[in-house]
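Note that the chains are named A, B and C in the order they appear, and that numbering of residues resets to 1 at the start of each chain.
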Amino acid sequence: MTEYNFAYLDEQTKRMIRRAILKGLAIPGYQVPFASREMPMPYGWGTGGVQVSAAVLTPEDRFKVIDQGADDTTNAVSIRSFFERTAGVATTTTTSEASVIQTRHRVPEEALTEDQILVYQVPIPEPLRFLEPRESETRKMHSLEEYGLMHVKLYEDIARHGHIATSYAYPVKVEGRYVMDPSPIPKFDNPKLGNMPAIQLFGAGREQRIYALPPYTQVVSLDFEDHPFEASKADHSCGLCGATDSYLDEVITDDQGGRMFVCSDTDYCEGRRAAGFFGEMSAENPSAPTMTTQRNLEFQT
Amino acid sequence: MSADLSPLLSVKGISKYYGAHIGCADVSFDLYPGEVMGIVGESGSGKSTLLNCMAGHLAPDAGEVVFDTRADGPKDTVTMSEPERRMLGRTDWAFVHQHARDGLRMGVSAGGNVGERLMAVGERHYGDIRGKATDWLGRVEIDADRIDDRPTTFSGGMQQRLQIARNLVTGPRLVFMDEPTGGLDVSVQARLLDLLRGLVRDMGLSAIIVTHDLAVVRLLADRLMVMKSGRVVESGLTDQVLDDPQHAYSQLLVSSVLQV
Amino acid sequence: MIDLKDVSKTFTLHNQGSAVIEVVNDVSLSVAPGECVALTGASGAGKSTLMRMIYGNYLTQAGSIRIGDVDIVQAEPRAVIALRREVLGYVSQFLRVVPRVPTLEVVAEPLRAVGVSAGAAEARAAALLEKLNIPQRLWSLSPTTFSGGEQQRVNIARGFAHAYPAMLLDEPTASLDATNREVVLSLIEEAKASGVAIIGIFHDEAARARVCDREIDVSAFTPGVAA
């Protein structure tokens, strides 16, 4: 613990990042360049998010990390232990108990509060990059609010698939001004970004950009009048907790095509099960063919 | 007669230098609604520099380019704000590049290419955008069933026609063309010229066409400017300049063309 | 309707030792509405040059050429274009058209240019083509593939489609058979009767005698050739 400054980064660097965060909060959706540091983890593992978390963490904070909704993946575990070691902060997997939540590809199902900060890991912060590779040109397009190109991408989707097939990193317009990439969250989560009481910070380490949404910001998903935005999810209920309103992951259970849908937000799912809810494939449901029994059957044959 | 109309575009003393080298010097002219002007000259004569200065792609070192805007009447586009100038570039102005790939998005379908300008000016109804794109593909003689194909699968002539559709879909009033038939087969050129002529007449377009091909200006342009070493050496009615050139350089240019 | 006053023209050939060639000198003539004037003179006397000067195709160095109230010598290009569109027609010996455009459209184009609807313009074009014995099966084809005589007739149909108040005719009956020659001469007579001022070049003496009210020998204005 003593060999590192609090939260790994030196104070000067944290100050620089905080300035970028404050600027981002002042201009919601605007990508602020910052001098991204080398972190002791590879790019793509959340170096942007980690630097933002390091800059906002205080010793009193309780830190939670989720990766695709789960607290127990390698990525989530290693970032959590990174801050346990370098900042000595308390950690948790319970959404409501956390004061800072770093996330990759999801927004927690449970509504966040004004006392919380949500930090997103962002691989490519530029929503216009797909169609306009020149950074000089995309910056000009942002500054002049020339966003027709964003709709060209959606047009191409409909032309090719009959509907807007973009299902994650679905572009949004912030406060009627900047078009922003919400990071690769499923579009199911897009509506949660708008009017959220918590502060939302986005960090892209490799691309050296930070952007932000202050509390209660207007965030609108782009769409066409005749192809309106839809926050879609798999048309099932959670096999474990029975939730019908949460984003689901499809889990392949065997090599005979068996599968189940479960909440991607593991904390939300556990919370519901602890409260007595169960889904049709959960072990608590006596009528369900559980995974355990299936496994037992396989052993017998 | 249209003699009492005010000019759509008024170019006053445009000069552009590249260090000590003259790009173009002290070019002035008026272009009236519905007029098509050709600018001819050999490579390096400054005609493309002039075109780019007028279209806002290059900042001239001196001079004004006054355009009769729909909202505020005549305005100098050189000194107007960049957002305003870029807005003109998406609405009242169009620019047809010599190489279609400079003017198209090669990774986007034909329909998306045509629809982009519509979306850029705020159209948000997919069905309407697609309907207009289909209509424009027809007008430039591209089969409607190619609407979802990318321009990379098109021939050179088709790409150029697609570029024209993409430019004209928002009903611009002034079209800048840089060697629009350059690099195309002769038979394809004829078809394109015929198409351009029809569009210019039907839409009442004004156009400025830079080319080194005198046949192109004879067919398309009402008026002609001959440039040499960055300066305009002669201007007048197209057929008069071609059939009775006055300046030594124009005479050389005209007499150098093989008769067919 | 057509008024030339002290008109002179020289060609300066900059690339051939700056040779200056005087073509016509001090031409004055005028043509009234309903009148047809023939330009005569030996080949090279400057008949075609004078016609082209009147049309604004050649630049005039001195004098004035008034068509109605427009002086071609001083006029802005767009004024000349407007004049050509509405007032001054020109039937040359050679058809110059965009490849691929159907004959019917080629003939209808001058009417479309003055704002006549496509239907009315094509009806008038069809009537003229029929009169000039162009078979209907050719109307949808481009005239670029036609024979010389056919092209000449398409050219005449195009020239007479719009009722210009003033017309210039350069050898309108050359290379035509007797029947079609007759049609063209009657078109000219109809135009005269409706008050069109015409200047023409006719090598066909009988035709000249029939439609022209006066002859002007251009040799009189040709420096070095004049008697």
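Operating definition for what follows: a contact is a pair of C-beta atoms (placed from the backbone, for glycine too) under 8 Å apart; a residue touches a chain by one contact, two chains touch by 3 or more.
These numbers come from a predicted model, not from an experiment.
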Greatest separation from chain B - chain, by CA centre: A
Chain closest to the middle [Cα centroid of all protein chains]: B
Geometric centre distance via CA averages, chain B-chain A, whole Å: 47
Centroid spacing, where centroids are CA-atom means, of chain B and chain C in whole angstrom: 32
Distance between chain centroids, defined by C-alpha means - chain A, chain C (Å): 77
Footprint of chain B on chain C - complex, ascending: 11-15, 52, 56-59, 77-82, 86, 98-101, 112-113
Chain B contact footprint on chain A (complex, rising order): 131, 144-146, 148-149, 151-152, 155-156, 158-160, 223-227
Chain B residues within the chain A interface of the complex: 82-83, 86, 90, 105, 107-109, 111-112, 115-121, 124-127, 129-130, 147-148
Interfacial residue positions of chain B with respect to chain C in the complex: 1-3, 32, 35, 190-191, 193-194, 197, 201, 219, 222-223, 236-237, 239-240, 243-244, 246-248, 251-252, 255
